[in-house]
Each structure stands twice: as structure tokens, then as C-alpha cells.
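Shared chain: subunit A. Partners: subunit B in the first complex, subunit C in the second.
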Partner chain A sequence: MLHRLRFLPGRLIQSIPVVFGVTLIVFFMARLLPGNPALAILGQRATAAAVAALDKQLGLDTPIWEQYFLFMGRLFQGNLGTSLTYQLPVTQLVAQAIPVSLSLLGMALLLSLVISIPFAALAAFKPGSGRDLAVRGFTLLGQGMPQFWLAIMLILLLAVGAHAFPVGGYGTSALDHPYYLFLPALTLAITMCPTVIRSLRSSIIGVLGSEYIGTAKSKGSYGAALFRGHVLRNAAIPTVSIIGVNLGFLVGGSLVIEKVFALPGLGSLMINAIFARDFPTIQGVTLFVALFVVAVGILTDVVYTMLDPRVNLGAKDQS
Partner chain B sequence: MMTTPTAALAGFQARRRAVRSRSIKAWYRNGSLMAGIVVVGLLVLVAVLAPVLAPYDPIAQHLTDVLQPPSAAHWLGTDKFGRDVLSRLIWGAQVDLRVGFLAVLIPFVVGSVLGAIAGYFGGWLDTVLMRIVDIFFAFPFYVMVIALVFVLGAGEASIYIAIAAVSWVSYARIVRGEVLIAKKQDYVVAARLGGMSHARILTRHIGPNVLSQAIIYGMSDIVMDIMAIVTLGYLGLGINPPTAEWGSMINDGQEFITTQWQQATIPGLVVVVTSLGLSWLGDGLSDLLSPERRK
Partner chain C sequence: MTQPLLSVTSLTIGVRRPKRADTIIVDDLSFDIQRGERFGIVGESGSGKSLTLRAIADLLPAGVEVLSGSIRYDGVELIGMETPARRRLMGPEIAMIFQEPMTALNPVIRVGEQIAEGPRRYLGLSKKDAMKLAIEMMAKTGIPDPARRARAYPHELSGGLRQRIMIAMALSCGPKLLLCDEPTTALDVTVQHQVLRVLEELCADSGASLAFVTHDLAVVNQTCSDLAVMYSGHIVESGRVKDVFSDPRHPYTKGLLDSAPDFDQPERELVPIPGFPPNLAARPDGCPFAPRCAFAVDACRVAMPPSVLVAPGHEAACIQSRSIFEEVAA
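Coming up: the complex of A and B.
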């Protein structure tokens, strides 16, 4: 099993320039602020002393390459700067928000699989049929809905109308959290489904046409057992990488959804920071999220190789 | 077996007729293309005719008529500033469609050109460009767009720049992949042996053959961009108020969702219809442009 992970060191080394590039972009984003960044961050009514202090915190009084090294040096110590609104280390704020965002992502992923698998199977068993077209219509619709609007509609129907779920917030105890997370996760799941359904549908069709399914059938396997044991297992493999690639999309979407449902995750942290012009926090969240996406990319490759013995990322040339 | 020149010509003409009638049939039979053209065409018509169609000024405030329910005078009611919701919806089409279509252009051109160069010349140029693409891919669309719009300041120009900065990478990847395949084809090798310059081969021979995938992707990208604009508008980071824009209308309406549900619901439905139309158009185009890839 482990020998299939031979690609991992190379993959990790490959991602080093990407990580550096990410830090460069996040660093230079601050330099895009028009005029004096400190003044731009603090607003026109800032006092000279506050501007000077922020100048110093951002290291704006030194040459630009020196500023970058300073930035990187702090980064290696796990220092993302201090939030201007909360006067707390950005790392601390990010660390507080991570569990919320991760649970939201996890639940959204789970829900999207729960919704997608039956739909994809329904469509794939009779391609071109009425139900295939219906599923196709559903995926187009899911893709075309703005996430925040879908969230508002779900709130209107299930929270305000049916009183089945809270309109927002995260709850107070660990037992509350799943209940509070359900609607936001459902919103994300519905918009994630079209991609998952389409991928699963086409791979199920591919698997159903293969010889080993014929063999399994001739050996007497049928129905749910055939689907779980033979079809889904093989069809899931390409979907894993599709989900991995689209996790960035999910993360981006959760940003807005957290804001709609007032969940205290990374999204709310970032969007509130934008309105408070709290630049270090914006920078910190952006950097963290990008690094998370890079890590997920690597993880996807690992899962992918583990699932499918035919995939060999250690082999030469996969450009 | 030998064929006479006339027989060969007749065969060729017959084939050409067959291809032509098939492509005309494809136009008619292509239901999703037709549906897409109708929906998108109607929306564009509404946007263009907004000054004629809208019953009221979309930004004129009538503070004596705030939050009116739908009536004969105001079909969709009025918002919290007494502005006619229907008029704002119609004028919003102009803003959202314009920004959506224009936002695609820069990344389409920049991404395709860079991708074509990377794929065609290969080597270190390809390696460097693709590593840069990898870096940009690490940033989720909304995270980068929201951060950039903040840095550049709210407004239409910032939206174009932010979307361009994020989405050129997809075009670069798609076109590079297509060029990698195309450059090994006989016609390219022949053109090269014929002494044509790289620039001419890229623009005249490879370009037209690889762009269809980028165009197909572009259609779904417009949907994505419209979503981004609406989302930015909803968050208060988009087109500056009081300009009528669907996203900010949903935000305005959200406050009154329990009493005036139509205010937040209708603009969202319009977005759904818009993206459905664009998706149909994209699907239809993809059938038309690359029939061999039809599923």
C-alpha cells in the first residue's frame, strides 16, 4: 500500500514554489492599496500616530524586499500580525474560526454525497430517459442559483415558515452545533451537487458498461449489493478528484454562506474584517484558505491513489 | 481501387452537402441552443430597452410610498426608499448582464494567449507559466475576488480587474491542453515544414482549432461572473449604490423577507433564469462546436 505513495515527496517538493507564490501574492495585495497602505487601511480620519504605528507594524518604512522577508520571517513563527479591530493576534482569530468552518465544510460534503448518489444512480441507470433529463434539469437549476439567495429562500421556507431550523447563529453547546449548521450546510450541498452528480453519473454509466459488472451479474450479484459492492466503489474514484478540485469552490461559497447565517467561521471573520478595513485579518484569512486548498490538493492525490490501484502518480511524466 | 477524378469530385460534393445539411439540422434540433438564444435574447432585449420598458425611474426615491405591496401602479411593490422594484429589476438587467459579459473578455484573451504560448513553446516557459497558474488556483474564486475588490475599492472597474485576476488561469489551462494536442497534428507539422513563422501557425492554424473549448468554458464562466457580481452586490462590495443591481436588491429585500417576500425572491429568480439561459446557450454551443465530444 505504502509504495504507492512514492509520489508524495515529489508532490510535496512541487508544492513549495506554489506556497511561496501564494505568500508573495498575499504580501503584494497590501501594496495594491492606493496611496499609503496604512492610511488606506485606517481611513482618512486616522491620526498621524496611528498611521505611523501601522506603518511600523506593516514594516512600510523599509525597502520592499526587506518587508517581504520580514513578513515571511513572522509567518514562519506563526505570526500573521495583529487584528486592527480586535487587537488580537490574527492567528488566534483564525484558530477560533477554523472548527466552525471545517464542521460546515464537512457537513456540506456529507450532505452533498447523500443527495448526489441516489440522483446520479437514478440518472445513470437509464441515460436519456425522463428521469435522466429531470436530474439534468435539477443540476442546471442548482448551478444557476446564487448561494446566498438559496440560503435566504431556505431560511424563508424552513426557518421562518416551518420553524424547523434556526435562522442563524451557531448555538451554544456542542450538541446544538449540528442543528445550527444544517441549513447552511444544505445550502452549500445543493450548489455543490450539480458537479458531483454529473461526475458520478458519467462514471456510473462507464462502470455499468464494463465487463466486470457483467461478470458480477452472471455470478448472481444484483440490486443494492451489486450497486454498492461493484458499481459505486469504482464510480466513486473520479468523483473523489472532482470533489478535491471543487473544494476551493466550496470554501469560497462557505465564506458568503457563513455571513448569511451569522456563523462565526472564517467567512464571517473575513467579510467583517473587510467592512472594518482590518487588513491584517483579511490577509491572514486569505493566506490560510489558500494554503488549505494546496493541502487539500495533495490530500486528494493521496486518497485517489489509495482508492485506485491502477493510478500510479509515482510513474514518470504526468504533465 | 482507383477512382476517377469526377467520381471523387461527386463523392466530395455529396459529402459536403451531407455535412452542411447535418449542421443546419443540428441548429434546429439543438433544443438547448434555441432555448438559450430565446432566454438570453429576451434578457438582452429587456436590458437594452430598459429606458422604454421601466415604468419608473429606478433610483428616484419616494419616501411617502415606501414598502408598498404589489399593486396595479407598482407590479412588484416598492422598496424601503419607495423605489419601484420592477423598474429596478429591469435596469438591473443592464448592469448585471453588461458586467457579466464584459468581465469574461479580459481573462479569456489573457488566459488563452498565455496558455497557447505555454503549450506551443513548452520548455521552461511552460513550466514557469503553469506554476504561476497553480499558485492562482490555490485561491478560491470568492476569497480572491472579495479581497481584491476590497484592495482596489468597490466599483465596476475593480470587479473587472478582480475577476480577470482570478479566472484567466482556467482559460490558460484549457487552451494549453488543447495546444499540446494540436501541435502534434500533421497540419501543424506541415505548416512548420512549409516555413511558416510560429506566430502565423499559432494565430492561423492552431488558434481557430483550440479556441472552441475556451469559448464553451467562457459561456459557463459568464454564469460564474454574474454570480460573483450579484454576490458582491449582496455583500455591499459591488456596483456602488444607488445603481439598480440584482444582488443589492436581494440584500435590500432581505430585511423585509417576512412581510415583503417578493423583494428578495424575485431578483434571485431572475438570476436563476439568466443563468439557466446562459447554461443552455453554452450546452448548445458545445454540441455545435465540438460534436465529437457529445456525451
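Coming up: the complex of A and C.
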């Protein structure tokens, strides 16, 4: 097991240039946004002199490459600068937002598995049957639904209509949080489900047709024990990489969803920062999101390796 | 005679097709396996051997069904039995070994755990005790260093070791009937002999009966006490192995023997059977072997020849079995 994880240090080193490239893009992208932060902070009626003074104070009047080196230098010290709007260290803002966003993603992932596994199994055990067609119809429908529209529908139905869940916010105590996270996580989960269900369904069908399922039955296994012991893990392997890829999209979606549900996560932080042209915050959040996506890629390979003993990513390609 | 361990009567296996005649793959098959008997089923590939075994183990592929007939195990009818009850027989009563040990083992589970699964379920053993039993079984099948090998995954083992794992798995709950579907076909010749010997020894020790499917007559000769020769879904000849081999009474059996290499007479010329088995969808009327049979006469094409007793315990389904073979022998 451990020897197959030897690809890990190499993978981590490989991701350094990627992260470096991300800082470059992030830095310049923020500078290319239309508008001026000083103007945004001071408002449309600010005088040119006041704007120039604030520009100077923020260091925005120096040449752009100087700003970048300053940015990188501070980055190595773990300093992402000070938010222009909040006047707080960006690291502090990001650190406050990360647990919210991670819990949202984690819960979305969990919910999407809880929904997908039974539906995929239901469809895969009788391919071509009515229930298979129903599940496949649902996946097509789910794929066509825009995320924010789904979010609004869920709010109208379950929060405003049935009063089962709050309309938005994050709650005040740790016990509140899951309750507040449920609807936004469900929204993300539902948009993720079609892909997961389709992948799982086809791999379950493949697994059910394989000889080792016959062997398992010849040992007396059937029903739920057969599914847990011999079907699910084997069928999950190809789905893990699909989930890994889709987690990237899920992060993108969660930015919008956080805003819709007024969750104080990275997404809300980001969108507020964009509207306020709060460059340091935009950079900080983007950097963390990019790091997260890189980490998810590596984590996917680790999970994949742990689930499938035949995989050895560190081995030299023999062919 | 006491009640046979397995009694297959008029078993018909096929594919149901809406609004058309069913495709019959195995047609009206009957045979008994006594306790301790080692029963071989031989025939060219496609004759329905695997499906017959799979019908006994309730492992028919999707779409293929038992259309009629009966399979009684120890006096109990298996056809129509509920899945849970039937699966409870699999392991402690009936076990199966498959042709390809690579695909028959779950690639993501350690082989020791795969062997321990049955004993945990049926013998009520703890995880630790079941693993101990698994390692014991591996040692019995001649796997060197079994405790270490138990932690291996199937792809880390050779074909011969994998098939020994399958044998250890099949015998772990002490079944009374072991179904083997060409268990050595996928192996190298030298390994074939070793694996076959292990299988025979362990079955002899435990007193398990064997239903052994193969296309290899030499293997039947070495392993089995009785045999049935299958052709196109029918049993065309059956009896004691030594009787059938020394005095075949069906032209197909004779053809199989003449086309197989013989270690006692390496100089003998091999005579292949001309032609191919019939397409299942378009089986000829009458004797299915007629298109390839050198002795065929018009009467052969009228109806499926019934099995007749040609000698004590020796049956053949050929209308000319007496005239052809007794004249040749004379």
C-alpha cells in the first residue's frame, strides 16, 4: 500500500510550477479588471486628488511589475496584504471563510453520494427497465437545471414554503451550521448527481457482469452483502476520478451558491471583493481556490490508489 | 441404490424470446451424481457444459434461463427455490471453481479475505479465525508461504497460485459437491497437472463429489470415474470412464477419442472430426451429429435418438450404436 503512494512527493513538486503560474495569472487578472479600487472605495463623487492620494497609499501608483514582486515577496512570508474594504489581513478573512466553504463542499459531496449510490444501483440492477429509464430521465433533467435557478426553487419550496430550512445565513453555533448548510449543499449535490449517477450506473453494470460476482455468489453472497462487499468498491474506482474532476466545477458553482444563500464563505468573500475591486482579497481567495483544486487532483490520485491495488502511479510505464 | 447427491432430470436451458420460439441451448439433459463420484462432462466448446454447471449453481448469465426440468440436490428441488435459500447452499453444500482464475477473483480484495468470506458467513468464525482457516486452506493447496500470500492481491500471483486460491476458497466450507468448469484450461501444461492433483487429493480427503467440465479427454481420464459426453446441448453418451474410453458407442465420442493425442500411443495418427457443431438456432431435426457423422442414414434425421443401454451402466444416443461398433469390433 505505502509503496504505491511513493508518487506523492513527485506529484507535489510537479504542482509547484502550476501554483507559481496561478499567482502570475491571479495577479495580472485582478489588475485587468475594469475600474479603479480607489474610486470604488471613495465612491463616484470622489475628487481626482483624493483618488490619487488613495492610489498612492495602496501602492497602486508604482509600476505593475514592482507590485508583483512586492506581492510575491510578501506571499512567501504568508502575507497576502490587507483587504482594501475591510482593512483586515487577507489571510485572516480567508481563514475565516475556508471552514464555511469546505463544510459546504464536504456536505455537498456527501449528499451527492447518498443520493447517487441508491439511484445508480436501482438503475444498474435492471438496465433497460422502467426504473432505469426513470433514473436516466432524472439525470438528464438534473443536468439541464441552472444552479442558481435550482437554488431559488429549493428556497421557495423548502425554506419559504415549508419552513423546513432557513432561507440563508450560516447560523451562530456549530450545531446550527449543518442545518444552515443543508439547502446550499443540496443544491450543489443535485447538480453534481447526474454525472455521478451516470458514471456509477455504467460501472455497476460492468461489475455485475464480471466473473468475480459469480464467484461471490458461489460463496453464498447476495443482496446487500453482495453489493457492499463486491460491487460498490469496484464500481467506485472509475467514479472517483470523475468526482475529482467535477469537484473543480463544484468549487466554481459553490461561489455563486454561497452568495445566493448568504454564506460567509470564500465565494461570498470573492464576489464582494470583485464588486469592491478589493484586489488583495481577490488574489488571496483565487490563490486558495487554485491551491484547493490542485490539492483535490492529488487527493483523487491518492484515493484512487488506495481503492485499486492494481494502480501504481509511481511505476515506470512498462509498455 | 441410495439417493444420488445430485439428480438432473430433463434440464432444458435456453433464451426466452417474445413472440418467437425459445432458443434451446441445453436440451432435455438428465444425469445423476452419486456421493463421492467424480463425474466428467466433456464436449467441444459451445456444447453447453458451462451453462449446465451454472444452472446448478444458480449462476446463469442474464437472459439465459432454465426453461424446464429439475435439479435436485440431496433430494431437494433447486429450480424455483428462493434466492436466499438457494445461496445458503452455495459454500457449505455446493461450491464452484471457474475457468479463468484472474477474472474469477475480485481484483481489489486480498486473496486471504476472499477465502475467509465464506467461512465467516457459514462457520460463524471471527475475522481472525476465518483468516487462520484461509491460511490453512492455502497451505493445503500447496501454496508456499501462505501467511504472506494471503495478503496479496490476485494480480500479484501467478495463474497456478490463483487457481489454488480458487480451490482453497471453494473447499473452505467443506462442500459436498464441487462444480469445476475447465479449472485447468487457462494454465500451463506443467501447472495443470499440479493443480489437478491438488484438486483430486483434497476432494478425496473431504469426500466431496465432483462435477468436472472439460474439453480435454486426458484430464477426464485422469480425474473422473464417470462421464457424460455432450454434443450440441445433449448428452450423447455416458458411463464409466474406462468403459466409454475402451468401448465408445457413439460416433461423436469415437471421433473425440480419435482426434485427441494419446500418451500411450504417441505414434497414432490424429483424426479430426470434420465440420462444425450445429448453429443452435438452426439445429437439424433428428440426431444433432448427423451432418458430421460418417455413418448417418436417413433414419438418423427423423427424431433425436433416445439414449439406450449398450452395456451395464453405459448409455449411448445413437440409433446405430450396436450395428456400427459391434461390427467394427468383430
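Quick notes
Everything below uses one rule, namely that the second predicted complex is superposed on the first by the 278 of 319 C-alpha atoms of A that agree within 3 Å, B and C clash if a C-alpha of one lies under 4 Å from a C-alpha of the other, contacts with A are read in each partner's own complex, and residues count from 1 in each chain.
By definition in this document, a contact is a pair of C-beta atoms (placed from the backbone, for glycine too) under 8 Å apart; a residue touches a chain by one contact, two chains touch by 3 or more.
Being a predicted model, the structure only gives us computed values, none of them experimental.
For the composite obtained by superposing both complexes on subunit A, the positions of subunit B and subunit C are free of clash and fit together.
When both complexes are overlaid on chain A, the residue A:155 reaches subunit B alone and has no touch with subunit C. In the superposition on chain A, A:95 makes contact with neither subunit B nor subunit C.
Touching more residues of subunit A than its counterpart among subunit B and subunit C is B.
In the superposition on chain A, A:202 makes contact with subunit B only, while subunit C stays out of contact range. Using the contact criterion defined above for the overlaid structures, shared-chain residue A:253 touches subunit B, although it does not reach subunit C.
The superposed arrangement places subunit B and subunit C with a least CA-CA distance of 18 Å. The interface of subunit A with subunit B does not overlap its interface with subunit C at any residue. Residues 17-18, 21-22, 24-25, 29-30, 32-34, 140-141, 143-150, 152-153, 155-156, 160, 202, 248-249, 251-253, 255-256, 259, 270-271, 274-275, 282, 285-286, 289-291, 293-294, 297 of subunit A are the ones that touch subunit B when the two sit in their complex. Partner subunit C is touched in their complex by these residues of subunit A: 209-212, 214-223, 229-230, 233-234, 237, 307-310. Contacts from subunit B toward subunit A in the complex involve residues 131-132, 134-144, 146-148, 150-153, 223, 227, 230-231, 234-237, 247, 250, 254, 257-258, 261, 264-265, 268, 271-276, 279-280, 295. Interface residues of subunit C, counted against subunit A in their complex, comprise 54, 57-59, 62, 83-84, 87-92, 95-96, 98, 100, 103-109, 114, 117-118, 121-122, 153, 155, 166, 169-170.
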